[in-house]
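Heads up, the next two complexes both have subunit A, just with different partners, subunit B and then subunit C.
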Partner chain A sequence: MAASIGQKLSSVASRTNSLLKKTVKLTEHTPCACPYYSTAAKRLEHEPRIACRTSETDPRKHTGDHVGLYYTVPEEEMAVIKTGMHPWHLRMMKSFNESCLMVRKPALELKGYLDKLNLKHPVPRFLLYGRRGSGKTLTLHHTMQCCHKDGWIIVHAPWAGQWVRGWYKEVAVSTYKPDRYDLPADSAEWLTHFRAQNLGKLSELKTTSEYIWTKREKAEVGTSFEEIINFGLSRLKFSSDCVGVLLKELRVQAETQGLKVLVVVDSVNAFYVQWNQQNALKNMEKKQLRPGEISLVHNFKKMLSPTWSHGVAICAVSEEANDEDKREDFTPIYLLGQEGFEALDPFIPIYVPDYTEKEALSNINYYIDRNWIQNDYGKTDEGKRELMFVSNRNPFNLAKICAQL
Partner chain B sequence: MATAFKSLASKLCGVIVRGHLTTKSYIPKAHLSVYNPKYVEPVLDKDTLSKGLEDDDIRHHRPVKAPTTDLSISPLFYDDDIRKFTNMMMKGGNKERVREITRRLLENIKHMQVEKYNKTATDEEKSQIECNPVTIFKQAVENCKPLLTTIRVVKSGVAYRVPICARPSDQRFRAMKWIIESCRDKERRIPMENKLTWEIMDAYNNQGKAVRKKQEVHRICESNRAYAHLR
Partner chain C sequence: MAGISPWAVKTVHKGTVSSRRLFVIFAHKRFLEFRAQNVVRLSSAPDGNDRLHIAPVTQNKPTAKAVTISKAMRAYMEQARAYDDKMKSEVADFEIGKRHLANIMGEDPDSFTQEDVDRAIEYLLPSGLYDKKARPVMKDPYEIFPKKKAAQFGLDGRPYHWMYFTILPNYYSALYEITWKLEALKDLEDQMRAENRQDEMEGQSFNTASSEWVSLQALKTKMVENIKEKEYKHFVTLMERLASHPLSAREKDFIMEWRVLLQSEELQSAVPEVEVEEGGRMCATASGTRKSSNAIVKVYMPGSGKFNINGKDLTYFSQNLYRETLLLPLVVSGLLGKVDAEVDVELGGPTGQAGAIRLGLSRALLAFVEEDVKEKMRLTGLLTKDPRKRERKKPGQQGARRKFTWKKR
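On to the complex of A and B.
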């Protein structure tokens, strides 16, 4: 007995010793047939510009070899994802004088699913989940860019939490159904966002049924989507109804005319979980609104239900959309709650992890390349390792820490 | 007996205390240390640490001083001037808030400079742009430091403002104080970090309120130079 314990102890001691003695080398990208550059740290001084990047700008052609490398988003495609992006990110891109995104594994996984999809089945739902700041939103952007190149119609809700909260936001009783509530400003904002994302595709799409707004105003059969958006923007009262019309037409036409529709909803749990904070939306009687009562949310929920085909719904859950006492876990079932989980079930969960060592190193090298990390110690091997340790390789934490160096 | 002893004791104490207050005795710096002179300096260099001590080294048998914060902390997150500035800005012990402000201040400065850096085409122009926010901050503080200050001296019932050389610690304190105060005077609704960014970039280029404050103090010293012998 005593001997075995002694053996165990000695083995533990030897292991710890080996750990102490081991000088961990930062892993580098191994060269492969694809046209990209290695991120060897020792080469940084000679060729700082080409480290940690790939020249493959087409997101459809990214493979596992590109994981952890930055690709440049072309200017015309930046217009697609620009309106939905966080201002913090846009500011970084402006300072770096280029728009680069990192190729991450979840995005490739998602793209692999989309390639092999049978669109005739009811809409499949994908759900991204992960810790705060691990890159769920940027994964959505990467996928959106892929699908935009393939000619999909993109229906994107950049931050669903915006539709269930707001200080002094205008809430009007719906013109379509009295027990529902419109958000004219948010709807108009979404319409412009939708138009910007699908520029050039909307004028060809025509409505298939008649819509009557008031006694005198109506949209005939065959009105183009462009006109409906313009109507919604000029008559804010009907902007929520216009959103409903567009979404319904997209659902119908996807099935009949074979349009490919990509529905992207960020922080989808806002649709199913009640927001109880001070800035929750209230109606005229000061009664707090449920998310289902808001017409925008109601219409988007329909896009997520598997009642139509020729489309894909990609959602992400985020902790920020929940109340502060309900942010303990980041798993879908906890964040969505019973109601949301039942509504979305069955879905395909995709875990967005924090950076691997390779990715974190690539990120730090990219910052050094763009002259963002100024601290001399941060540029050394040891400093890089410390940055990784302190940020726990969480992308947002890493960016936040590097911001002050 | 007892009362007499007490009165004597109180008298003596009074004498001792008064003596301490009036005489400016010179105390050597070593005597101010909290450590017993037997304590030895700590080893901070990692290479030396990993080598270990030799068998006959005296440090085996002596207690070791604790390393000070600025020596033991990582150079990534610590700078003495930045720490001082942060602490001076703090109100009511709300350090978390001021640290966030300092972090954003450095970020803002870096955004401004890095954007310029990445937009210029030639290497020659690029080398002229200073991107390091800490260097910019230090240079800005340096530009605000006054060489002379005034003290108040009362001679025969008249108070004079007598110019004297400012001590280095005093210079730093004044410079930082003026930067912070000039930002507090500005529009209240603008975030502090933005106001500080403008002020520090101004001071870096030898402009702005804080630098003007320095020049004003210099002017007063210049006009009061006749009193310099009173110090």
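On to the complex of A and C.
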């Protein structure tokens, strides 16, 4: 009996050995001759060049071959996405001394849809969903840069949660409708962001109807969008109304002027679910406000309804926009709730997955290239495997872990 | 030599003719004879140790003198009789009680074992008491009542054991035995060297790698004597001397009586069996526990590093710390990314669950690694169960250790 078990074990051991001796190399991208854009310290000659970049900086030309590779966003286009970017990303880019984004599959999928779109139809809605930190926001940025190159007008809400929470915020009763509430500071901020993203395109656009602010102040027919924005920035009281005016004019003129309008809303579920008791916005009577009562949210919701054409709405749902006890799942139907799902339905869901092994390796290699990973063990195959295991190949998690190495 | 009586040895010894060893030989022989002549009393006791219970069956030869019984002996005999009577009745009670219990449980009284008794007691008298020692129990009386040392001297007041006056007869006779064996080995060595057979001695020394000497506590229990630290050291030194002799493997059985196996040796049996599934994929199953969590881990080889924990992947653990816990066995065994694991884990919190999975994973991985890696894993502490548990709250205190705030008034 003992002998047979011994025999069995030894045979297993030999089989195991044969498997163990097979050293499976991690499959990386093959090196390509890509230019070195950075002004950072020059690479040493003897260092092997790790393939993690592509020289194709035009996001419109990215194909499936580029998936997992980093491309450099030129300075002038960086200005477009910069204002809407999370400070965390900006800090990372500053540390790396260059602004690079990874080409991901969902972005390509989205671009494929946009290329084949018939703009005459009512606005189609795309909804990105995925785990926390899987790259939904950067996918949006990738797409925005793409559309910016194509000359689209971009209407971008970087983080919808900002408009429904905060106990320190100034909340004013709307000058347009008394049962609605304005957020003057947020509206002004958004106007600046809108102006920065569409620099040079707004002066040609004129209003098509008259808007009366007060008895003495009004915007005549034919006022340029620039002027509306300037007015909103100088008279904060009307900044929310200015946002409403701009959005309405865009909806009306998109078809007549032949515009292409890209509406991007990050963490759209903030529009449809109630934020928690402590930090939800409150009016002067300390009454908690529903998202729909806030004029900014109200106006943006109109942009998401299929009542106009020559536009596209791309949204992302995120767990962070929901209350802490409503973050069990990351699917749109769970995060949006009944109301949100009905409002956005029908939409095209796009899943943003965590990194594949190739993408994760490319990311780690990029960090090594940027000296973000300095630990020698982190540069070995085993170290990379451990990083991938602990982070579970989640991009944000990987970045957090690598920050300590 | 055989014709010389033990008493003659003494004479020889007192003369200067014979060596001391001669005395040793005879004394040892006498010791063995003594052991053979005496039978073991209380042999029904489960762990009856012959060192403890040595007592003669009436061996006193009829003498012309009137038998005088010393006072101490008389007192002892009374005590012993009382003890014996008590134990006899207890044993009878226990046997009857066991039969009753078997009848209550509707089982055959003749084949009712101690395990059945334990099960029956737990069923009939369920107890929620925290301390297991405080719960009702029914066991052989010899296990429950403290043992009593049998009389060490006969009716005439003469001690049975020839080392009685050393106070620690068992201890010193053990030392004696060791010395004797060592001397014998030395003789043998001399003889082999004289016959030029040194090459036969290769590999004849005892391998101490997988075991260690019994602890002082264990030695005390084994000898039933109050052995001190100093005496224990003396014992170990002597044993070391025996074990390091080039021919010590000949006395392996004797040496192993005084040694306990290390964990690694026990582990050999703990390696899970490898099953081969359809498609030639091997898998091994093991379980692990930590705190109050239990995990059953099934490891597949070859794999690609996929984890399935209660139907989720590694996101089952939200914190990196817990994933790192799982990482360690894979890194130490060098199987990271080469195996898949299917985990069923229940109870407890994330720390306990991660620890339980780690233990189960390490045990399951044993099936796929080499001997040296197994040893490495053991040394890393992967195969050791973390015995810590939540400590109970005590009455009159705020928690397990914390006291209520003390207020003067």
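Here is the rule we go by: the second predicted complex is superposed on the first by the 359 of 405 C-alpha atoms of A that agree within 3 Å, B and C clash if a C-alpha of one lies under 4 Å from a C-alpha of the other, contacts with A are read in each partner's own complex, and residues count from 1 in each chain.
Here, a contact is a pair of C-beta atoms (placed from the backbone, for glycine too) under 8 Å apart; a residue touches a chain by one contact, two chains touch by 3 or more.
Because the structure is a prediction, the values reported are computed rather than measured.
Contact with subunit B, but none with subunit C, is seen for A:Q404 once the two complexes are overlaid on the shared chain.
By the document's definition of touching, of the two partners only subunit B reaches A:N371; subunit C does not.
Residue contacts after overlaying the shared chain place A:S95 against subunit B, while subunit C stays out of touching range.
Judged by the touch definition given at the top, the superposed model places A:F389 against subunit C, while subunit B stays out of reach.
Contacts of A:R131 after superposition on the shared chain: subunit C is touched, whereas subunit B is not. Judged by the document's definition of touching, subunit A residues 386, 390 lie at the interface with subunit B and also at the interface with subunit C. Those residues of subunit A that touch subunit C in the complex are listed here as 8-9, 12-13, 15-17, 19-20, 24, 131, 382, 385-386, 389-392, 397, 400-401.
Put simply, subunit C touches subunit A in their complex at residues 271, 274, 282, 301-302, 305, 313-315, 320, 323-324, 327, 330-331, 334-338, 367-370. Looking at the complex, you find that subunit B touches subunit A at residues 74-76, 102-103, 106-107, 110-111, 114-115, 117-119, 131-134. For subunit A in complex with subunit B, the residues that touch the partner chain are 91, 94-98, 370-372, 374-378, 383, 386-387, 390, 403-405.
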